[in-house]
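Here is the structure we will look at, set down as structure tokens.
Order of writing sets the labels: A, B, C and D. Residues in every chain begin at 1.
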């Protein structure tokens, strides 16, 4: 885990309010694993004050890609950065996905909603390298929320899409796609990242089908490396549930460990 | 006086820590006079909070030029702006130089130190248009502090330079140049802008030679248009001296009205 | 549907709940080149002592992270010049004008009120009992409940107009001070004034302000202001006017939700001279977007904390 | 010439005057991947109650203009786990460790101290009598001189180690509270803890923090912190430790000049995990540049205001 105060932006792509940046950061890249994230400084002044957590979207040699959606002030500032400028990043942070198991010949289904697709490209490639049979399910409100769909296909990853408004792929939520996929052929492992309601529904589907699922949680993060205790969520580890740090103990958790919020 | 939230930067030039920007702002330009200034927003977030005062350096049709030196955080941010980006400006502000008198055939000497040269280009041109015989004296620490010297000459304005370190022009302070100039031929009017000690010395020289002098003061400005009472300096108007607002009553004052600070 | 922003303080009806804060809007006239003074709920003019005041020597301002420290020291023209030169113009501009009343001692507050009571065109008095820049070490009447209550009571007895007591944030218990102002007969309280602050130039090892201490305002203080408005609103029945760091319509809505019936906009005027009218417009847009018919419906509606809380 | 940053608090000698502030540096171990804990003056570990604590439900953080509001609610492992799992590692890292002592009531403070007194490897106790996030409405002992003095006196009597009383900025008269801590026998005071604050989500009309109120820290509060350190230092003879919004060596120098003998760095650690060592280095560079042989020479050297003042 390192601080790289001047990672050069080697490439910038954007689609509406989605942006992809490729950062030259060999030291950080050398330690990276799928599901880990960076804490990114979005401005140079004291407002905004805090870094923003952004997942690793891809590793390309000594470079790392991030893919994000403009959600507020911080990501809006980040979206203004141009090629040739530098970013101050901290990472890789968090534990990432648990890829200890033998995935050879196993079927892994990756479910991403909206910006939640970000970590799944890196993960999909890594699982494929481990011999897994990878299927990606990508959902969004509308066609314009699926900007990286072709990137998966171009990389040879099997991908299916769903849109809430039916403008592309299967109409409806990506969880519908997941149910259909499971009905077709039960996966050995699920990996999920997206909005809370989607992840919660996916966790329910996984539990019903007794499919082990890893879920990548989001949370407001003050530091990203365990110092502030700001990012906690209720995690059950044989203890009825305690506030655990998402940044340090996660952001990825087995679905069964997550106690979802009462109010949605 | 207008707010122009998106004046396009049509041109950017820079020399070490000096920057010139040309801004497309026809409404502001239409009202502009030499010695007036803009309040410029240097960032998009709440830090830095306040605008920064920058003089009008030139008017070119519907465009205005500013010329500034990086002095701290705010001007450093301003220096990063690029062509094609926009600036949020307020102006023109202040009274500017008093050009009511008949300048035809009169000799006007303009004395600028460092970034204080900024308003004198616009002023020099305007005085020339009024038939004055204009001489510009431009001083700086070193040659690199005289980036716009050629601009004056190229525009046909008679300019002489001085550097503290003798690297260009007459060695020594620009006030030395002024004394020599006065000895050669007494001017009818002096216009001065630069660091406080320089302006104070020039005011002394003017008083000794009984030459009317107009001095453009600097001050920390909260608003630039008379609302905050933050920018005051001691100004004497037959009243022994009162705190007057530099932004509204100035920034240009007759030398005789200024009570210089005790400690320098 | 255009949301209804009209605001009733009981003693005063306003076009909308956005007022300009004292000391940040000059005497109002500086702003007529940018906006119509009749477009905002009202303007609180710069603090008035009886006579003209010199104010503090410069430097009077320091910019800080998201904030501004000032030690203007209430430079001003005094009530006579104000009544003669300023007030007629403000009347002509159809502004709703609130006078910010200052005093070196209790008697001066009363003298200012007695003088202004004889003038037309003022809607209310805001008692500035909370300016940290005048007496030594930031002392002011609003630091203690007793001095707050007594001074408010004296001013109220002397005045034919409504009295708004402007409170200081530099206190342990804002609820207690707000209650004291109410007990003294205040028609409303406004808060917060500035937070007593210090800035140092490490190189010269001297204070950045000639006055040494000054008052902090601007977005940096908004979270503190919002908390105090919330606490004060819970402690009194009279209307609360909220301020401190408001720069947007959404900020204004937050203060209304915390319990303020109207808000004042201060430091933001320096950056955007039309901030008051912009904020009124943004508040209207906010209400329209959120389906709120009257901005008054927002007042004091803060819900429970605990989103994100798990059922346990 | 390398400036001498060594710092003598009387009861404790430090390599340099830069400490990590409690609650912003975890138990220190989180930072060993970034820096050597022996490179800073010391670390104040996260607040310790006797037993493990749940803390508040999330959301626990809100970013504000130049600041951060937190309502962590002192989640922590308790003294036993701290002594067993953390302290040995900190000893091995050769860190100068100060324990931040909390209590739901006065008795708990004493119990924590009595337990920690039996452990090795602690340099002092910082009494957190000023956390706004635990009791209702931000109440804490440091809001009143009497409760401050009494609690400090009880803890001092129970302790074999030096006691630093950590003060709250949410008070009318910080000098009075600092003096009360001194009267209670504190070996030093540290200030400021966070400023009681509220953030509201206008759209949901709910507090942004599950706990409703939280504490504001970061650069936004620096001017207030600096003023309070200056006032406290003038009021007591014991050393003052200054904090609140420090992000650079020059910030640290400002606190020393205001009268602090050492400083703590809080929120800045979240943005730059090596902030403490960077700030120590920057302070050294600042001293070298300004020709100051010992950083201790800066302490309490604030000159007069009035640059910019005219002779009148």
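Going forward, a residue touches a chain if its C-beta (ideal position, glycine included) is under 8 Å from a C-beta of that chain, and two chains touch if they have at least 3 such contacts.
Only a predicted model underlies this, so the values are computations on that prediction, with no experimental measurement involved.
Set against the C-alpha centre of chain B, every other chain centre is closer than that of A. Centre-to-centre separation of chain B and chain D, using mean CA positions: 46 Å.
Taking each chain's centre as the mean of its C-alpha atoms, chain A lies 36 Å from chain D. Among all residues of chain A, those that touch two or more other chains are 46-48.
Contacts with at least two other chains are made by residues 57-59, 65-67, 218-220, 307-310 of chain C. Interchain contacts join each chain to each other chain, per the touch definition above. Against chain B, the residues of chain D that register as touching in their complex are 65-66, 219, 307-312. Listing the residues of chain C that touch chain B in their complex gives 23-26, 30-31, 33-34, 46, 54-55, 57-61, 63, 65-68, 70, 72, 75, 218-220, 247, 267, 269-274. Contact residues on chain A toward chain C in their complex (touch as defined above): 46-47, 234, 241, 259-263.
Of all the residues in chain B, the ones that touch chain A in their complex are 43-48, 73, 77. Those residues of chain A whose C-beta lies close enough to touch chain D in the complex are 1, 3, 41, 46-51, 90, 219-220, 222-223, 225-233, 242-243, 248.
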